[in-house]
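Please go over the structures that come below.
Two complexes come next, and they have one chain in common, chain A, joined by chain B in the first and chain C in the second.
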Partner chain A sequence: METFTYYPGCTLRTKAKDLDKYARSSAAALGICLEEPDEWQCCGGAYTTAANEPATKLSAVRTLNAAKKLGRPLITVCSACHNVIKQTNYDISRNEAMQTKVKNYLGLEEAYTGETTIYHYLEMLRDVVGFDKLAEKVVNPFNGKKIAAYYGCLLLRPSKAMAMDDPENPTIMEDFIRAVGGTPVIWQQRNECCGGYITMEDKAQAAKRSNIVMKNAEDIGAEMVITACPLCLYNLKKNSDSNLPVHYFTEILAEALGVKEDSGNE
Partner chain B sequence: MNNSLKDWVDITSGVNVRKCMRCGKCSAACPSYDEMEYHPHQFVYMVEKGDIEPLMASESLYRCLTCFACVERCPRNVEPAKVVEAVRLAAVRKQGNNHLIPDQIPAMLDDDMPQQAIVTAFRKYTK
Partner chain C sequence: MQRIGVFVCHCGTNIAATVDVKAVAEALSHEPGVIVSQDYQYMCSESGQNLIKDAIMEHSLTGVVVCSCSPRMHENTFRKAAAAAGLNPYLVEIANIREQCSWIHKDIATATEKAIILGRAAVAKVHLNAPLTAGESPVVKRALVIGGGIAGIQTALDIAEAGFDVDIVEKEPTIGGKMAQIDKTFPTLDCAACILTPKMVECSQNEKIHIHSFSEIADVKGFVGNFTVTIKKKARFVDETKCTGCGLCTEKCPMKKVPNEFNMGLDNRTAIYIPFAQAVPKVATIDPNYCLMLKNGKCGVCSKVCSVGAIDYKQTDKLIEEKYGAIVVATGFNPIKIDKYEEFAYSQSPDVVTSLELERLMNAAGPNGGTLLRPSDKTHPHTIVFVQCVGSRCDDEKGKPYCSKICCMYTAKHAMLIREKYPDTDVYVFYIDVRTPGKNFDEFYRRAVEQYGVHYIKGMVGKVTPRSDGKLEVQASDLLANEQLHIDADMVVLAAAIEPDKSARPLATMLTTQMDTNDFFTEAHPKLRPVESATAGIFLSGACQGPKDIPETVAQASAAAAKAIGLLCKNSITCNPCVAHSDELMCNGCSSCEKVCPYGAITYIDKEFRMPDRTTRIRRVASVNPAVCQGCGACTVACPSGAMDLNGFSNSQIMAEVDAICK
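What follows is the complex of A and B.
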């Protein structure tokens, strides 16, 4: 059984327990062991791009450095955590002054210079397990159900740091849908923003964005939308008028693998 | 023109605003375009001119969703979102200038609101 270091992040412990629970049960079914580091913190939610500001990068570096010490790749699930951790890793590996400042802030014996390999869970499925091998383990295939993959912004951009897939014509989630027996639909809004955190102070703008996304998914004939992001799920369900079901990708993975139990989420 | 402010914004963003060729693709790609007084291409242009105070006083700072569409789609790799971020930081890092304070949060929540939304908004809007 292959072991990876696993970073759930704050929301997977609270409002997005399903995203976490099904990630863990599916990994076990695929022969992968996910181990949390002893200590981790919230990633910060959004990456602060400021080139001269170490403070906002520290929490992500703590996780990256913990993974470095454990000597195994780091697996993320939440799109936001993945974006923050991956951008931090990309920028710090290219900024020696930042490495020194962060080393001094955190009191590290050795500077963190970007050594940790980071996989989003979807990348783990693609690059470690293999979608062909995943397909062989599916016991409840989706029988051609039309599923719309919603990437949103955080998984793909900025592509030079994220390096997951083609930022304008991605295939990783569509290939995942095929592996679990569904039929992916290709739609314009799949990599446009849901409104994100603007829902905190302006419901109207969040509703506008989420309705554009969901209307597009409906028009293309999707029977379900899948996402890796708790905030996308919230916006698309709560701030749109659509009744189209929205699920975490880990939930349909667990269902396909026959390891889905009753939901623990409210 | 406020040279020290312009220098700070340039260093913080890490962006060379003079690379912009004014194609407007950043604003065309922006999901918040309709809600903005100043659009992404104007942030780039006005920072180049050193005309930064109007940007710092504008609600547009808090309309950017940090979706990086402008960064991805810029043919000149200008990275407008980093310019918006630097101007926003110049504004909210000033004493007493937080856009979001903790006392406002409870009224914004509902039972499903993910923690991710709260921490992200804090990071964006607050010193």
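What follows is the complex of A and C.
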């Protein structure tokens, strides 16, 4: 059984328990052990874009440094956490002055210089498990159900730092859908923004964006939308007029692997 | 005892601003053998050269060192000056204190010190220089043109016109290139075929021009005036000498579902095909990837219907060898693949097309017979959005950093032609800048805007979303009005960047010519020698050197022809005497030098040697053909016994330079 360090992030402990729960049960079914580090904090959230402010990097580096000490790759699952952690890792590995500052802030014995390898859960499925091996373990295939993969903006961009897939023509989620027996639909709004945090300030704007995304998915004939992002799921469900079901990709993974048991979580 | 003169050039302030030239002249005057050391503002000027000539005569100099710019620039100038004063030109050495010193340093003290060291090395070398005499080699009176597009065609016609034989090697089954696919040409809107096909026919009828179609360059040996080129004539499974181009085989061929390259895959052709009606040579070609006979051995219909028995399923690739005095490269361009620009939904909707595809869609000989119809449902498009600079002027690795130069004009042409023919169709053009330098170009663009009412919008398209109702939802920004635009379009046309043909890079290696980072061939000088490559005898024609429209391509093609003709007119050319030679007494015939020689200049001979005991022995030793050797020096480094040496750059001279530098 291969073991990885696992970072759920705050939202997966509160609003997005399903994303977390099914990620864990599916990993177990795939023979992968996910171990949380003893201590982790918020990924750093929306502050990470401040290139010159070390305070915005500290949270992410705590997790990254913990993973470095454990000596295993770090698995993330929430799009936003993945984006923050991966970008921070990318930035700090290229900025020696920042490494020193962060070391001093955190009182580290040795500077963190970007040593940790980070996999998004989807990348783990693709690069560690392999989509062909995953397909072999599927017990409840989706029988050609038309599923639209929604990447949103955080999973793929900035592409240099994220290095997951082609930001304009990604295939990783589509290959995942094929592996669980679904039929991926290719649609243009799959890598556009859902409205994000703007829902806190201007619900109408978020609704506009979410509606554009959901309309395109409906128009193209999708029967279901999947995402890796709690905020996308919220916007697409709560802020759009569409009735198209939106699920976490881990949920349909768990269902395909036959490890989804109903629970009271949202 | 050597009598050496040192001449230090200021090059205006190019050298003098960073190097204390007087100190250099003074320091070098104390070097052994130096009897005169002077500085001057412009050593390459006439008075500068006279300074050198006078010194040679006055002091009976036996060697000259000029501390100046790169030898690429003025070595020849100073050699000529020395020769005029009666000194063997190969007794002149250049110390490059400009490119390798003053231009790259800021600190005067260190730059001066380095200039002195470079000068000292040159003085040490010139001590060992021997007078050399250049030989002559004959010029083969035949030219090779690689690529049969409009550039290659024009070059070949001009060379043939001057009375020289010229071969065109074209990798496709027909000459004509990209221009044959184009509908109309800017800025006069004359039909491309009408002006191109007569030139193609002229090529086939001119007895001085020999077309090797469906052929590639396999190998190039030799040097200016005397190239030996191996041409691979690819198997077309049709005997060119018998085929009359009647086209019956293409009608009867049962394999009708082959994507038609000439129409950009927008319709199908048969497995045996003639690319288009005016093809030259008008000879059928069998595509072995689709031919049922070649794949499964079952069919043979074309062979049965061919009345002249031209079909030959057993044909194989054939190599032929030809000799040429000059080579002109005209390998042209291709639009880039736009799979990295999926925001425009090119792979998702057939109604998103590239500009070259639109050319075919609008061409009378194209898939729709000249009526512009949407590829998806063959309906008339009412709104068309053009996106410029797709992959051009990109600052990331997805696209090209350069401007593709032709897109602004052909997009204006497309927009104008569509508005002219279909006034009910709305045309939007999204641009970063509209670039229209060229005779009658800006007037042309303004006509599109003012007379034809094309909507030019400064801004880029961010997203194209195909909808289930067949519309393409275009999201874009209008930078001048500072607003977001949403246009429901029927078609989107992408002006894809252009890049050199993929065959260019391996060809450059064979020709030992240089390319830039974008794989365009590099000209010998960007301003003063724009149609020559840095390799003697290799000339550049058309878009293989940089993006160009048709008028510019034709101008450059004729210029390259003029240069080639200038070379072919000579009966012989002066050889470089700085060639390798082997010391037969030291050579043990190991073949190391032969293996590294890029020019095939080294052969082995069996030679009789007298041994100390008065017997004779036959030994195998290397022998250099001085007419083929280019003096690269690879053999002198490879030789394990030190038998190979290079005239003008002998091992002892180079060691003397190193010693002088390390002193």
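By our rule, the second predicted complex is superposed on the first by the 262 of 266 C-alpha atoms of A that agree within 3 Å, B and C clash if a C-alpha of one lies under 4 Å from a C-alpha of the other, contacts with A are read in each partner's own complex, and residues count from 1 in each chain.
Just so we're on the same page, contacts are C-beta pairs under 8 Å (C-beta built on N, C-alpha and C of every residue); 3 or more make two chains touch, one makes a residue touch a chain.
Fair warning: this is a prediction, and the values are worked out from it, not measured in the lab.
K.L.:
Looking at the overlay, does A:Pro73 come into contact with chain B only (first), chain C only (second), both, or neither?
P.N.:
neither
K.L.:
Just chain B (first), just chain C (second), both, or neither: which does A:Gly182 touch?
P.N.:
So A:Gly182 meets neither chain B nor chain C here.
K.L.:
Which partner, once the models are overlaid, touches more of chain A's residues, chain C or chain B?
P.N.:
B
K.L.:
Counting only touches as set out at the top, which of chain B and chain C does A:Pro8 meet: first, second, both, neither?
P.N.:
A:Pro8 contacts neither chain B nor chain C.
K.L.:
By the touch definition at the top of the document, which applies to A:Glu192: first (chain B), second (chain C), both, or neither?
P.N.:
both
K.L.:
When the two structures are overlaid on chain A, which partner does A:Lys238 contact: first (chain B), second (chain C), both, or neither?
P.N.:
first
K.L.:
Return first, second, both or neither, reflecting whether A:Asn216 touches chain B, chain C, both chains, or no partner chain.
P.N.:
In the superposed model, A:Asn216 contacts chain C only, not chain B.
K.L.:
Looking at A:Asp166, would you say it contacts chain B, chain C, both, or neither? Reply first, second, both or neither.
P.N.:
Touch status of A:Asp166: second partner only.
K.L.:
Once the two structures are fitted together, what part of chain A is touched by chain B and by chain C alike?
P.N.:
168, 192
K.L.:
Which residues, counting only chain A, touch chain C once they are in their complex?
P.N.:
166, 168-169, 186-189, 192, 216, 219-221
K.L.:
Give the list of chain B residues in touch with chain A in this complex.
P.N.:
These residues of chain B touch chain A: 11-14, 31-32, 35, 62-63, 65-69, 71-72, 79, 81-82, 85-86, 89, 100, 105, 108, 110-124.
K.L.:
Which part of chain C faces chain A closely enough to touch in the complex?
P.N.:
Within the complex, chain C touches chain A at residues 339-343, 345, 347-348, 463-468, 473.
K.L.:
Which chain A residues qualify as touching chain B in the complex?
P.N.:
That would be residues 9-11, 14-16, 42, 44-53, 56, 78, 80, 152-153, 156-159, 167-168, 192-193, 195-202, 205, 209, 229-231, 233-234, 237-238, 266 of chain A.
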